[in-house]
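Consider the two complexes below, in which chain A is the common component and chain B and chain C are the respective partners.
What follows is the complex of A and B.
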């Protein structure tokens, strides 16, 4: 639309002046946006509405607003406990995944490793296996090392989701950094670990942020894996599984479920708001490479 | 200050031999320039001295120490890279002091050394900046500063001026030359493919080709007494003219049959005559006749490219105000120093009158 201003005056349609075009575009976009946002707004609205009124066709603004859904969800439905379970799994898996992916990516991107091509191909191959096929072996494996009934086990298993993609992201980024930087640090007498930590990792900041954000989202929102692992142990549930538990056999507690959902998404939204600039940089950088 | 001695140094990458036995003895405090066309192995040789490349054979000594198996940091060398290789996320100050800090030197001492290097290189106003905010010349100075703070026995420069534009290259060249004196005549080894840099900076030049040393000597020695056609052609600008000779009983004939005047003594084995542009002059009785094809006026000299009767283009230097035009027919005599080479391209002893 902006190019309309660069058009020669002769071709300008008096009805579709640039200003009107912008107005029309805005209206259309606003309509699409409203459709997009409606479910989210409904969820927030329902979370402040008593259960009896939710489907009472009262519009999006609750008639008798209440925070009772939130207190019920936090205390009685254990969402408070699940929140900290999720936090543990997320933070732990983000730290482990980021460090492991960065180290592996550094080696794969910059060193000549015997069998590197085969290794890379195998890693890429694993991307094509749906999670459903691996979830039972993963559970068996956790059981074998005695971690199937602990948050640690869930956290470790959560690390595995996208670590291949993260490793490839790091490898791609590190492979572009000129080798003279490493040689310069070698001449300076700086060891490989220090070079990685003080020179290479700071340079890979966009990728680090991308990996942190993506792994956070993944771990926070993961459903299938925590569902399977916590099936026998409700105390270990994460938020997404906890939200699902509002669905009873005969009755669905919509108020509690939407309140729990709202609690679930707030941290993720905040994280994205804080990091979005770096996040987009990182993805753009990765695509450029 | 230490010298550097290379003894029969060899390097191969797999089956490919890139350095084929090099012996060089660099004196302490000397400014030594390795020069040669790309692919001659000059950078590889430098990196072997630095410790960034393994040494396949022979020995490298710095001072009295054999350093073949030492880590780069233990060799007492510091390197300045063509691409500067500054750490992009660190300030100038931290770039220069990083290596020292990482090796456990106290903060005060690092700061003192950085300040001193910054003073020498006039970088004091830029210490808090990141490399991104510096010009190419300033970045290269920071890279040199990073070498200076290590107080090395030997400075290694790997084509440090190649990424700078022409004007900065000349300015930085002067600075490096001054720096050599300022640092009390530190030993410096400098790699370049630019023979002008080699001529202007070096105490001694090592000309390399295909992993072998072609000639070692002070710049003017190489210019005046090149050991072979390769060195003769590589050193000096414009390039030396090489004219084929056919030996005769009395002297030698040029390709068009003209007999060279007796003023040019010709050894019986000579098959090539080397004449620099400044050894050719107008001479109505001279042996070389040709037509001017290109005239280059540089202000301080005029270079005329002359197509001879045997279809060879040779270049001659004239005074700035000489009137020459394309298409003129010139007759040139040889008055300056000439060089004679045998069939293998090796220089024959001059018997200049």
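What follows is the complex of A and C.
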């Protein structure tokens, strides 16, 4: 009987076989996606177009392609300097956040220390506090320790954004690793720090990559914090804030603006394209957990 | 997120006798505490302390520039509740959330159900394309959208005019009546990719056998989606809605970068109000850190109410689907 009922869905409608339906779906989706990314493609195109031609209907391929927008943005608008500021903040905060979150997640996920439950509860409680709530004291705190006018201060404060989520990701992962591994390494007389560094951390590699990718995007694209910290000190601007101020200062130089934008997004888009699996796993983990 | 309870056998520190006294247990776990130090410093300095300090600042009359801090009790709160800018900003934040969350959830759900089909060869590529705006910084999006939506020869106005939908160019971001809707559209475009990933993760929990059974029974595609898939992923909808709502309430970067709350405060949501009051007052006025902190506290309380809802939702989702934790 199963044989007899196997095919009717296909036979009933010969013009819309599953294969054909998939082809139609693909075409419709392709059109939607093309519209979806059009603004970004258009931006890249504009960045290679001379200012006088940007608003002509020249299509996506510039008639007189030029890299002059890039050289102008890089030198005159200081985008070069902002690029390295951003790189410093991003790399520094990624290293610090990943190590701190891995250590904390390790302890919270599989060690039993007095006070653990309280700490966990506190952390979960703060998960959804808006940045607007905390930005003023964060700024005052950096001022109090003398770092409100330095890239170091910005880098340290950037570590705070998602450390709770990252810690929970690590804790969830570490809690699933079999207990015997640590016992074995203890038998071999390996100390706790080495056990963590040489045994546990390599096991958590997928989470490490996820956290690195997510924190990189977070730090690179961060806006409110660098905006507040660099208000009085334009030399410390990151690319996000630099591009934002570019618009305020050279509001008709659309070519320079789109070139600066392209410089800003290319590194993160590259990183995302190559490591998107890890990024998506991290997000999916957030909703499943 | 559930953690296996490990028995208290922290011999890592060596030496300590198997004693149940709290001091001994703390001593035994001293290495663990050492491990916690970097994380706790970051958490304490940039998350926990600001939380406490905000409460304190909110009771001060303080410009932030000098040490002139005057304790005013709850006066800031009283003043806020009768400040039309504050009330309007709070309303706007919630209107914005109510407008964007359903749109974002429905669009991404439809896309997720289509893209979840393993036979669709290009679904990975499509997912990546939908996701691209998510990784694009808001400052860049602000510029691109200002160009796209420009009333002076902007491409979108161009298309609308060429197809005869409109006669005169629309100033999407410059008109007080339209600006919040335009921003909501940009917001949905930017963040749908994230919700899509959430839905795809939820769809992973639907067993393959169900699709197979539906196919054998001859159930049509949309019927499968409506009557078979939706009930299974429904518990996730609540969680996804709350995550989306909380992120829509945190829309500051996009709005500050695109319109700075303008024109005429028409797009000033809560965090833009806080930022303006604390760091970027209009010319001739002093920053008011205490006042802005009080606004932050009230806004934080509103979000916390949502967080409580979130926890309730999580519990409910888990009860329905005990396999997931």
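Please note the rule applied: the second predicted complex is superposed on the first by the 259 of 289 C-alpha atoms of A that agree within 3 Å, B and C clash if a C-alpha of one lies under 4 Å from a C-alpha of the other, contacts with A are read in each partner's own complex, and residues count from 1 in each chain.
The rule we apply is simple: contacts are C-beta pairs under 8 Å (C-beta built on N, C-alpha and C of every residue); 3 or more make two chains touch, one makes a residue touch a chain.
Predicted, not measured: the structure shown is a model, and the values here were computed from it.
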Superposition on chain A - do chain B and chain C clash or fit: fit
Which superposed partner A:163 touches (first chain B, second chain C, both, neither): second
Chain A: partner with more touched residues, chain B or chain C: C
Angular separation of chain B and chain C about chain A, which is computed from CA centres of the superposed model and rounded to the nearest 10 °: 90
First, second, both or neither for A:194, with chain B first and chain C second: first
Chain B versus chain C as contact partner of A:186, first or second or both or neither: both
Partner chain(s) touched by A:178 [first = chain B, second = chain C, both, neither]: first
Partner chain(s) touched by A:202 [first = chain B, second = chain C, both, neither]: first
Partner chain in contact with A:50 - chain B first, chain C second, else both or neither: neither
Lowest C-alpha to C-alpha distance for chain C against chain B (Å): 5
Shared chain A contacts, counted only where both chain B and chain C touch the same residue: 186
Residue numbers on chain B that touch chain A, as the complex places them: 50-52, 71-74, 77-79, 81-89, 98-99, 102-103, 146, 150
Touching residues (chain side chain A, partner chain C) in the complex: 2, 5-6, 8-9, 12, 18, 21-22, 25-26, 29-30, 33, 36-37, 39-40, 42-43, 46, 54-55, 57, 96-97, 99-101, 103-104, 106-114, 119, 122-123, 125-138, 140-141, 156-157, 159-160, 163-164, 167-168, 171-172, 175-176, 179, 186, 192-193, 196, 217, 220-221, 223-224, 227-228, 231, 239-241, 243-244, 247, 254, 257-258, 261, 264-265, 268-269, 272-273, 276, 280, 283-284, 286-289
Complex contacts: residues of chain C adjacent to chain A: 1-8, 10-13, 22, 25-26, 29, 31-33, 35-36, 38-43, 45-51, 53-54, 57, 64, 114-115, 117, 119-122, 125-126, 128-133, 135-140, 142-148, 152-155, 158, 189, 194, 197-198, 200-202, 204, 215-221, 236, 239-240, 243, 246, 249-250, 252-253, 256-257, 270-271, 274-275, 278-280, 289, 292-293, 296-297, 299-300, 303-304, 306-307, 310, 324-325
Residues on chain A engaged by chain B in the complex (per definition of touch): 178, 180-181, 183-190, 194, 198-199, 202-203
